[in-house]
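Sharing a structure here in structure tokens format.
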Amino acid sequence: MTRYTYTGLAAAALIAVPQLGFAQDAPGFDEIGPYIMTTLLFCMAGFLVFFMAAGFAMLEGGLVRSKNVTMQMTKNIGLYSIAAIMYWLVGFNTMYPGDFNGYFAIGGQTVLDPVGVAAADAALDYASVGSDFFFQLVFVAATASIVSGALAERIKLWPFLIFVVVLTGLMYPISGSWQWGGGWLSEMGFSDFAGSTVVHSVGGWAALAGAIVLGPRIGKYGKDGKVNPIPGSNLALATLGTFILWLGWFGFNGGSQLAMGTVGDVSDVSRIFANTNMAAAAGAVTALILTQIMYKKPDLTMVLNGALAGLVSITAEPLAPTLFGALLIGAVGGVIVVLTVPMLDKLKIDDVVGAIPVHLFAGIWGTIAVIFYNSDASLTTQLTGIVAYGVFTFVASLIVWFILKAVMGIRVAEEDEINGLDMSELGMEAYPEFSKG
Amino acid sequence: MTRYTYTGLAAAALIAVPQLGFAQDAPGFDEIGPYIMTTLLFCMAGFLVFFMAAGFAMLEGGLVRSKNVTMQMTKNIGLYSIAAIMYWLVGFNTMYPGDFNGYFAIGGQTVLDPVGVAAADAALDYASVGSDFFFQLVFVAATASIVSGALAERIKLWPFLIFVVVLTGLMYPISGSWQWGGGWLSEMGFSDFAGSTVVHSVGGWAALAGAIVLGPRIGKYGKDGKVNPIPGSNLALATLGTFILWLGWFGFNGGSQLAMGTVGDVSDVSRIFANTNMAAAAGAVTALILTQIMYKKPDLTMVLNGALAGLVSITAEPLAPTLFGALLIGAVGGVIVVLTVPMLDKLKIDDVVGAIPVHLFAGIWGTIAVIFYNSDASLTTQLTGIVAYGVFTFVASLIVWFILKAVMGIRVAEEDEINGLDMSELGMEAYPEFSKG
Amino acid sequence: MTRYTYTGLAAAALIAVPQLGFAQDAPGFDEIGPYIMTTLLFCMAGFLVFFMAAGFAMLEGGLVRSKNVTMQMTKNIGLYSIAAIMYWLVGFNTMYPGDFNGYFAIGGQTVLDPVGVAAADAALDYASVGSDFFFQLVFVAATASIVSGALAERIKLWPFLIFVVVLTGLMYPISGSWQWGGGWLSEMGFSDFAGSTVVHSVGGWAALAGAIVLGPRIGKYGKDGKVNPIPGSNLALATLGTFILWLGWFGFNGGSQLAMGTVGDVSDVSRIFANTNMAAAAGAVTALILTQIMYKKPDLTMVLNGALAGLVSITAEPLAPTLFGALLIGAVGGVIVVLTVPMLDKLKIDDVVGAIPVHLFAGIWGTIAVIFYNSDASLTTQLTGIVAYGVFTFVASLIVWFILKAVMGIRVAEEDEINGLDMSELGMEAYPEFSKG
């Protein structure tokens, strides 16, 4: 096929001219404009959220020791790829089932709109299937990325990836359907705009279950109860990852408006951009100031996690708050991270990158904070949702982790952990020329 | 709330259907299309310019020594976050004041459009407040990033961040209002499309003032007048940063068209993309060839800065030039960087990343070059604007830097500088396993 | 000029109000909407594909040894910049010639639409020249990036850049015109949607010719026939590069729909997004499983190249396949990479980053796979196109490489290669504080 250009080719007759869709009796922009804009929103927000996979990989790769970086990269590109396949195979239609009792229905493979779908056959009040599928798919991958960070530096590759299969194909879609698939929590009035609970807490609960079953890294907690900090190997990379996640979050929250074809919708998308940015900034500044006060020295990893906690916090309701409200919500997220990272250590739950404080604790906060700005939300319903997602995801995850532990083992041998997973499991160092690791 | 999908849910009745905005007497796309497209332009350009914060962080993190990388990361995420808060608190409405004498008016907090704003209440001839605010906000953050690069490796964290508070909340918005807020320079006919002067020179002047007050790094200038090069620790990171900045510049210049809803406007946005890209390419190639000729070896850091100087140069007028004009403008930018980096060293002004040549000198050139392609611009007016921004920003910055120096000191102790700011100020190395730094 | 804001400035009268394009007798959105959307598609897809330049740089910079990283960065920013200039000077109008015999016509400089082009003067059935030029330009840069990876760690800078001049100014545009310029292959019915052959194989053939003429790196192939693996210096960077390329590919394939202003077109763009993502995921998972089976340990560099091979494979026909079809096409791409990387080594063709398996071999596969999903394509025609591009590009490249070898030499001295190109050719290390090189 020819790529048509302005010069007017001799071959122009061969070309499928774009405006043919506007033949005499075709619908005009008043009818198709919203569909086009919303489909574009999903494509654009989708590639932004896709890029969060790189953000998680860089954040986690920067926060682990250099001897485990190749493994962390392998897990992250692996989990994204598996999520993409599982969500097509079963996840998308499990989460958004056509025939649904409100609790549970397993769907089949995703089928896209036909090529060049006619306006008459398209969901003109929404968007194309392909864009919707792609947009929802990148969300489930984010959930899996959260788990990969918490369990770094000691979990075996394949059990982790098998957990991802179950998480992205079944667990996340089933619980997701309760809310976004029009299930019982949605009917009850639970409110979670872009997934503080549905995405982030779910990832956090799965990570928490895994961290408990897996146990802490060797040397993290001394016999005397002392917590030994294990510094990340590359804070420039971790910072890059945080900025990429922040970038992706504009798609994460903005795309969750699910429409861009009216004055109100596109304005709301932009309102969400502004609020999302504000919450992240507030989380970062709060962590910066708080670590200065508490430890006399600002802590960059806390600042990075503060920004992320701000983002998670605003995710349940990025639209309704004022900018000042977004600032408050994000700031509380920053406080939560700074205060709960040491708390997990006291419980000897070893979360390598701080994923549980950021995604679970700030996710709970964000879900509760909805009630301050959204008059349709009630504390009871929000807590019901939080508990429901927590119980289901934590218990289901525990079961899967225990099965994996029993069947194939989930933790590398002690010697392999000390030598680093890169050499023992993969035979390939990430920085073969630099590392003293 | 439910995420509506194509399958037609039982719960569909619950859903706020996107096309409701097109109820019987709602305005059609001929009326609302431009508003939607321009709001989208600001969102899209906004996230691209947001990502420049990561670009600056990586560029600067790559050009400092490894012992100062954590500090550079902390400064960059900190400054962006502070800029976001200050611009909301006072900056945006100071820069775009409603009741304005043309010189100075302090505004209050930014108030977004209401949720789901009706077409009748929206600025249909422009864009949503949220998108406009977000787009302008990411510009002010860029200004602050310029300062952070020049003053790296010796400035204390908190005085720097306090300077950012003043720069982003007051200095930049006040001088910005002269031009983009419809103030006296705008009325005089000064022309600066996307901010060669309003953004980049301003950052450069603030950096220059800081570099003079702060003094050079220990060991940079020998007692014999010899200039000791201090190589950056990670040129892959610096290259990544440059590419990210180049990417962001499509939003920086393209978004400054401020409209995308007509044939002329969207074509102009694309024209700006093409010209912006050409100027960057020309700046890079010029620096490549020139360093080959002058030093017999191409200098990567000069090539990176050459690309950036090309970008800064085209920023004052990315629309009017032909592609060949953009090439010439960018190429001169590349020449300026190669020639002025050594010049600053002769003056013993220590600019760690070359921010002053790139943003100030190329910014001045770009502002002058407007007269070659924009017949509405005059040399006198352009020079008036350049001088006005220079005097105001340089003097105001000097005053702030001197106050900070007097009140709390702006420079770390000699021993701390030698040991690196990461350990002395933050207690956290960026590359704890690698560095010999 | 003023930046108009919602507050209603005193200076508002100065402002070119966006909606002026909708004066009484101006065309409405039904007429101009498709032009606006397609121009936006090219701008958006264009910046995504632009960012692939960073992706290639990071991928290649991560896969070479640290002593050659500065050189790899210099080559990649240099080649992009040269491509941008050459494609303007001659390439674009050679590839999309107005007066054309179907085989060969050299065009002149690209001329953009005038500023603020009127609807009556614009290509309303397509998009603005600036957007089209920018979108096509970033493709040619990708071709050149492929060559840079394969020939890393031993080629001199300037001969490489001169090859890029010829490749991007003449070779790629001439052969590209056969298909996308409406030339003989297009008339014959050859089908290559986004460039598995036109872009990727061409880059691969040019790289193959170069690798043969240049010879392998010192120490890569032992006298006893043993292949010595030379590990990359930074797998985190290589992973980042792969994610960036994956991101950019949404623009690469999605933008190649060349239209976004109808229900069918925008749905097709989203369908392409979903298929592109699936093929990449399948390529990655396939390589993960296959290297586990073959070598007992998953190989991250193979997984990265597997994802890329999946992307190249789907590029010839990202629209027609179902998601399952995309999975199969991508999975075969992953298999190809895992099997052909060792094959090249047996032939002692030293391809540093695996560019030839990924871009050439998977590109051939993708071009053949078109026949399974596109009933307009025939095996004979597809093979004709593959062979035509192969013969032309390989022979022309060989000639250019031999001329460069004869005239100025293309390979650095043995001692310089051993010491690393960074110190010998550029005098600047990428990681001066870390490397044991």
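Every chain is named by a letter (A, B and C) in the order it is written, and numbering of its residues begins at 1.
Note that contacts are C-beta pairs under 8 Å (C-beta built on N, C-alpha and C of every residue); 3 or more make two chains touch, one makes a residue touch a chain.
Every value quoted in this text rests on a predicted model; they were computed, and no experiment measured them.
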Checklist entry - At the chain A/chain C interface, shared numbers over all numbers used: above half (same) or below half (different)? => result different
Next on the checklist: Fitting on CA atoms only, what is the rotation between the copies chain A and chain B? Please report it in degrees, nearest 5.
Outcome noted: 120
Next on the checklist: From the mean C-alpha coordinate of chain A to that of chain C, what's the distance rounded to whole Å?
Outcome noted: 29
Checklist outcome for this item: Each of the following residues of chain B touches two or more other chains, namely 28-30, 33, 40, 44, 124, 129, 234, 240, 431, 434
Checklist entry - Residues of chain B touching chain A in their complex? => result 1-12, 14, 17-22, 26-30, 32-33, 35-36, 39-40, 42-44, 46-47, 50-51, 53-54, 57-58, 61-62, 69-70, 73-74, 76-78, 80-82, 84-85, 88, 109-113, 115-119, 122, 124, 127-131, 133-134, 137, 157-158, 234, 237, 240, 425-434
Item to check | Residues of chain A defined as touching chain B within the complex | outcome: 28-30, 33-34, 37-38, 40, 44, 48, 65-66, 93, 96-98, 100, 123-126, 129, 132, 136, 179-183, 186-187, 191-193, 231-236, 239-240, 242-244, 246-247, 250, 254, 256, 258-274, 277-278, 280-282, 284-285, 288, 292, 297-301, 303-304, 307, 319-320, 322-324, 327, 431, 434-437
